[in-house]
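Presented sequentially are two complexes of subunit A, the first with subunit B as partner and the second with subunit C.
Moving on, here comes the complex of A and B:
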């Protein structure tokens, strides 16, 4: 199974997202069962970039290229994307990458 | 506790997936009483009885595809999990319980309690309570802001007091040990596909490279197939090294702790290399986080060590720095022919790292 398929399966069957789609075998889009952050809009589309845990070095340029790519697909530059890191024990950890500085959230 | 430990004994009978002759054939070796020759005789007879039978073999099939080690048979998945806690369900947090959880979620069988009490469900319940707390808190904070600005009317004053009380009550709720009910969402299209195609075969047990190699090389408890061709320990060793340049280092440490009776699992959740459990995840939380430090290579800096220590310390575990002395001469791992001799060239030294606060650690 390819990297993107693993993350896709995890989003659908572990995190219960809806309408998960692959784009250019590099990026996933979909809808989580509930808002990821309290301030999100209802039914907000989320963008996920799958990566291997062992790929340590992402340059700012590479991260920027994900934003540009998603902008081309959705016609709107997203305020944040989610990176899905796949470990060799089948754990996938997700982290937000925001487009610039954001106010910290209260825990 | 007594009931629970008895149940655990049935669920997790052995620390390794090896079947002993005494268990397989139900023949127990009796105690020997030194001055009683009959006890020697009985022991001898039983011993011969066991020797006459073949060695029980219960080898699990593992498939290696796309750089992933998979166990597909449900009985085998359960065997590797319950005998030493090897592997992780590809769609679960630890044991492969996705099918149980999903049939509970979709309301497929009557006896859904098992799926509902999965650790994933309990976590979900806790998170939902936390979410509710945060919503109420946001309301209180809004009204408090208004109050400070002196713009609060009488109705809002009453509301604020009510909300404060609700918030206090929410704080008192003891986190659930058992999930009460799962919120039944409406069926997703994805779920309808599941209902048609069935819940079989979607989840598999995934083994890490170090786990697979330990089970094959050290225990002989699995057979590994790549495109239906069986791999020897040596072939597997070379494969693992080619997937992961840190495999040898990880394996040395993994083998070290498993041999000493610890249950070692991935430390990814806490930013370290491994976690050590006394017996396994169902029994107790991991006590130690392991950070592997190869002495031959450049030392990772102390700031990184201290960051990992704070994360590990935050979940009440101790950090162990595991120094690995590698062979003095560089070894080309792809040309190794005797793995056991190679392992003898490595040395592992543990150092417990703990944050020390002078004002708090006076006793």
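Moving on, here comes the complex of A and C:
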């Protein structure tokens, strides 16, 4: 199974996200069952970028390119994206990457 | 505001004047208290003056014209040479050696039942360590002939070893110029820690790292630790377009003697430090699901 499919299946069946969609075989969008952060809007669309833990090619340029790519897809630069990190032991972990320097969340 | 005197002692900037500590605080420079009590140097829970500034603090202060580097030893020579009899007579500024203290120490020694050899040795040590009359000289009074005891920034930077100073300073500056207070970050496993304002009033919000050469496992480890202590893990780095020239890192220098006159300045380091840089920053935290 491809990297993006692994994360997509995990979001749908394990984390119970709805309307998960692939974009350009690189980025996923979808709606989590409940708000991820208290201050989020109701039914906020989330953007997830899959990435292999073993991938050594990782830089600030790449993060910036994800924001640019998602801006092209959704016409708006998102305030944050989520990175879905796939390990070779079938673990998938998710981390937020916020644009700029933001305060830590309160919840 | 008058420039704050930044006395260079050895290869460090140490602030001994409380008024200067206050002025720096208003500029968002906190520093690290480093002084112990001379009677109990192992007591290091509550440290006091002097305040030690980081290289980045010093560079920011000097390049923004808030501070001026002075050679502490030379400054004191200049001031001592200017003293007149009235100063010598002013009891506030002069500590006079008290012979009574010597007598008491000798009495104590006599009671210790030491062998003759040891007694002679102890007396010799006492003589050698005797504190002669000395004067307390404030660190802040501007003296005439200021050029004779100031140090240019490049000379100061050539006094110590530093690693990736230019890129680190650009990270520091980009965070500081957004209004945050910055302290050394090793306590939370980062390069810097960032506060939304004075650290006496706020908890740290950010663990800040330079975004060169980091791996995904660093993102996971840093992000997870930061979230666990209610912080975010911030990476700051240059976002270079493919055709932009690779930036030149400052030459690493070997440790050099403290004597300022014998070190040659690094001609372009100040230019490199002050040149404009467009940095990108991203804040990472655990998403809380998955």
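Definition applied: the second predicted complex is superposed on the first by the 104 of 107 C-alpha atoms of A that agree within 3 Å, B and C clash if a C-alpha of one lies under 4 Å from a C-alpha of the other, contacts with A are read in each partner's own complex, and residues count from 1 in each chain.
Everything that follows uses one rule, which is that a contact is a pair of C-beta atoms (placed from the backbone, for glycine too) under 8 Å apart; a residue touches a chain by one contact, two chains touch by 3 or more.
Keep in mind the model is a prediction, meaning the values are calculated, not measured.
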item	value
Three-chain arrangement built on subunit A, subunit B and subunit C clash or fit	fit
Touching partner for A:97 - first (subunit B), second (subunit C), both, neither	second
Contacts of A:10 with subunit B and subunit C, given as first, second, both or neither	both
First, second, both or neither for A:89, with subunit B first and subunit C second	first
A:1 touches, of subunit B and subunit C: first, second, both or neither?	first
Partner chain(s) touched by A:53 [first = subunit B, second = subunit C, both, neither]	both
Which superposed partner A:18 touches (first subunit B, second subunit C, both, neither)	first
Apex subunit A: angle to the C-alpha centres of subunit B and subunit C, given in degrees as a multiple of 10	90
Superposition-derived comparison: subunit B or subunit C, residues of subunit A touched	C
Partner chain(s) touched by A:73 [first = subunit B, second = subunit C, both, neither]	neither
Distance of closest approach, subunit C and subunit B, by C-alpha atoms in Å	6
Residues of subunit A that lie at the interface with subunit B and also at the interface with subunit C	10, 14, 53, 93
For the subunit A and subunit B complex, residues of the former touching the latter	1-2, 9-10, 12-14, 16, 18-19, 33, 38, 53-54, 87-91, 93, 106
Subunit C-facing residues of subunit A, complex	10, 14-15, 32, 36, 51, 53, 55-56, 58-61, 63-64, 82-85, 92-105
Partner subunit A, residues of subunit B touching it in the complex	66, 68, 87-92, 98, 102, 134-135, 138, 185, 188-190, 202, 206, 208-209, 244, 265-266, 268-269
Interface residues, subunit C side, partner subunit A - complex	175, 178, 180, 194, 196, 205-206, 211, 214-217, 219-220, 223, 226-227, 230-232, 234-235, 237-240, 280-290
